[in-house]
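Labels run A, B, C and D following the written order; every chain starts at residue 1.
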């Protein structure tokens, strides 16, 4: 397992994956992780307050998401799953998009092209094939962008994910398969998804496979950067297994006390990704209490903005949705839309 | 690649997979392979004569099929694909069943329980999950049978096959995944299905993986026997890649001259599975020309029997099929069946 | 068992099936310690062990494919698909294998596999968690497709589905999971394939199943206040359809409205309307009207109240068949 | 181009699309050197290279899933599924992703993916090679579902499907692959979604699409000899359905018979019958009758002549609507 920063905030070295970020870069990593955590907490709160239908928490996975997200260029393309708020923040995607989805006012109507950040995908594993196809297109274009796709340990059981591994290998597609093994797929421990460590699956398909400490933002950055370079230059695909932990419930609908022990949480809390970077920064004098407090305040402001925006998000009218299904005209849609409009209007008249 | 008998009919040894069949056993292997080849040739002929709709030839794969088939006990269960005539003959399944299927009078209506030989499956890869589930049931029953499932190199690309590998590993199912890598999936060479040798896929799922010379009946027997024992005793699953070659067309509908070179065939013809066992038997005096001729005559008699039976197979009446769909009554079926009977009768009356 | 929720009735039926027949096994994602995301299998793994109540890898094709294998071995698997929108990875195994294997074998093989799917909308969920795929199964020969609308049916229909020798798609109306009703395990059940007239009426028949049955009953009650006598039929089984019961009702009332959550286009209502019209052409005072979902992906939660057929939409259709 | 077969018309349309738009790519099993099992893509890989005509691994979900990715990258993939019965491993990608992604994105993303499927029976094939899955796609919003019945339509409809920005399930009637017809690439085409009256008649309308159109025309010719004037409508598009054209015909003739190979139960005929009856209730002299496959898995080849709707079955239905 590749590690560059221990849980105690000590820097260790690795023969293949060493990087030396500047203090400024390190602070930026810290900032994005802290903002991710704050935004995520706001998601949980807003759901509890009834403002959101659901919230899948990214708590504990900030290093994996931000570290890998920061390894990318603007022209690289990201295919997220549904818990990848940290990747979104690393890509500077407006978090409100994500809140719209979980509030139930859209299914994720942001423009993927804007930040090269595709829509969240809820059917486990589907996006892994889309990313692979996209990467095949990148290769056909002779472009040197890379594609990174995010999915969980549970997703590795889906046939689609294996098919994607195989297509990527067979077509030499420049894709990085970034698996956040957070040890759980709802209530199922990872041993229910794979008998052997997940990164080992790579070799059987002809991919590179590597396991990285998913709570170590430096290692996640380094390993993803290497994988992205391999994709870019060698047209070789990599499976990264980021070994991390889902500190929260699966989603706000879940009750993890039914299936896991608090001891496990305590143990993983000691490996917290933000705390360890904070220690590292403070120990080296690359950041001080003011900096930490400043990031905290920025997070609070962002959370406040989100809260206010979410609370005032207007409910959409169903009428808008009739015309989103097809690019061209579809007679049944037209007929139903017209009927619906008249039907709705009849209430207004009647009232 | 495990090999016990070279293309020249010389016996070689292998540290892990050595077996010493008696001359009688060797002759029986030869016999089943030769009968398989003869029956298969009859299939091709009958199709050309318009007696069958289609025939997928097993030519060249006799060692893989007969060797693995003979490794099993009567209570072991086989899930074949659609080209596994040699496995059927090794299990003493009546070949007429297979001819009924390819004549188009049934979809394969034999009783799987009779010889523990499941129906042929045409949707690539589906049966690999069925076999795995069956093996899970064997384990739940605390029985010590094993399950062997057959599929091709092309099938390994299907998500279902990867899912089956994973279920087998996770549930410790006593199953042997027997992949006949015959180098082709219709017109696609195996490099289109996998960037790396197929047996390597095993390790990534936590299975044993082994490549065997699929044209060497001894090696196929030995490797399958070991895999079956591992399943039986250790509840561990194995992926066997039998490296062989499809000497014929994909099916009688196919024209392989469009996509492969005759040089390849010439090269593989030198590795013929039957010729090498014949040499081995003759060289050691364990069989003589009379024996070989006798087997040839037996094959001709069997082929003759098949030809006559096939030609006189009555066409079924559609009426029979209405009641095969459900075990219980289904109102739409009843209604349609009654309508159809009346409708058919109206012609008889009217004529 | 007296009064209980629909979800608990399903749990009771599973428990009773596990007790009565050692060959019954449950399979699905998170059905063990968690008891399923709706707690429908709560307590069953604890009491029957993890061989009889199998938590599975996250792979629906794998679940159904191995369930078929277990059925071939003599087991009676009851599979849980976590949400309606997640059944499609298993669609190939269901359509090409589960549905066809009996016919393929010349009627020799029985495949007693039940696939339980919490389905339908109205719970404020995200995408893929509110769909109604029944028509996509009913068109496929070899499957039975049923949906209870209340706790008592949930219990008896699941017992019947598990006991039968055919594959059954068992659709659980998730927004009715907490509706309560009387369940009497000893009551002699109606046949699994039968529809039931659950409210008598003279002027028009409203046919519904699963989650829309309650809405149909509410609409009938409102209609009564307004002087219209509406008969309500709970279809219960989508494949087969018990046309005897449906036609008898239509012959009495002369008017039919079919209600379901699934999109109208190519939906269950189409088959009902086509068949009933063929059989009752001269008795129909008005064309059969269909009330259902629109031809669009199920929309975001905050619009679903407008998407789902509600009391007003049903009453509107009843008015239209009456005014015809 | 003059007279050519339906299969060659498809080939010509693919060639023209590849020539006209560098973003068009073909994907599928064996479509390259082999030219597909029906030789429909013959010669295209040779002329356009293996990046534009991609032989794929044997994995339908992978093919459609990566085609979606290619479409997101700006390509216009045209996917070949080898046979109707093998589309189901891709069903999840088609239904939950391809069909829904545009709506999911708020209408931002276009997914111009065409999925070509040789479909239907009558060629004496083994299991899974003779199916008609159109209803299973038409019920799903976000897809267009079309099927040409002749060479000219095969050409123009495929060009339109590839040029459009919506996903299209393009169903090729495989038993008509070798039927010949005039193809004029320069002719101004009818809209992709339009039905066409291809034979005028007075007494009854027979509606068909894909492989059954020729049978319907043959039936109409025989009926004429017997003194019955049958109008024939080629539906061409199953989603959307061009009800304007269908209803106009029914208003003229007062009687409708719908013919398709797919099972009748929950099939296309149900939607047509339900909708037409709703719109033309007072003009119908008889209930709409449906002629199609039975509710059973497609049977073995030596019984398919009895399974498939043929001239006699159509004439029988025409007689019944006339005698009503």
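Following the convention adopted for this analysis, contacts are C-beta pairs under 8 Å (C-beta built on N, C-alpha and C of every residue); 3 or more make two chains touch, one makes a residue touch a chain.
Predicted, not measured: the structure shown is a model, and the values here were computed from it.
S.K.: Which pair, B-D or B-C, has more C-beta contacts?
M.R.: B-C
S.K.: Specify the chain most distant from subunit A by Cα centroid.
M.R.: Greatest centre separation from subunit A goes to chain B.
S.K.: On a C-alpha centroid basis, what's the spacing between subunit A and subunit C, in Å?
M.R.: About 36 Å separates the centre of subunit A from that of subunit C.
S.K.: Counting in whole Å, what is the centre-to-centre distance of subunit A and subunit D, each centre being its mean C-alpha position?
M.R.: Here subunit A and subunit D have centroids separated by 40 Å.
S.K.: Would you please write down the residue numbers of subunit C that are in contact with two or more other chains?
M.R.: 56-57, 59, 61-62, 85, 88-89, 92, 96, 100, 103-104, 127-128, 141-142, 239, 265, 294-297
S.K.: Can you list the residues of subunit B that touch 2 or more other chains?
M.R.: Each of 106-108, 123, 157-160, 163, 166, 170, 192-193, 321, 324-325, 330, 332-333 in subunit B touches at least two other chains.
S.K.: Across the complex, what residues on subunit D touch subunit C?
M.R.: Those residues of subunit D that touch subunit C are 61, 85, 88-89, 91-92, 95-96, 99-100, 103-104, 127-128, 135-136, 138-142, 239, 262-263, 265-271, 273-275, 277-279, 281, 286-290, 294-297, 324.
S.K.: Tell me, which parts of subunit A touch subunit C in their complex?
M.R.: 53-54, 101-108, 122-124, 154-155, 157-160, 185-188, 192-193, 253-254, 258-259, 315-318, 321-322, 324-325, 330, 332-333, 336, 340, 343-344, 347
S.K.: Quick one: which bits of subunit C touch subunit B in the complex? Just the residue numbers, please.
M.R.: Interface residues on subunit C, with respect to subunit B: 25, 51, 56-57, 59, 61-62, 64-75, 92-93, 96-97, 100-110, 141-142, 144, 164-166, 193, 239-244.
S.K.: Using the touch rule from the top, collect the residues of subunit A that touch subunit B in their complex.
M.R.: 157-160, 162-163, 166, 169-170, 191-196, 200-206
S.K.: Along subunit A, where are the residues that touch subunit D in the complex?
M.R.: Going by the criterion above, the answer is residues 106-112, 118-119, 121, 123, 126, 128-138, 140-141, 159-160, 163-164, 166-167, 170, 321, 323-333.
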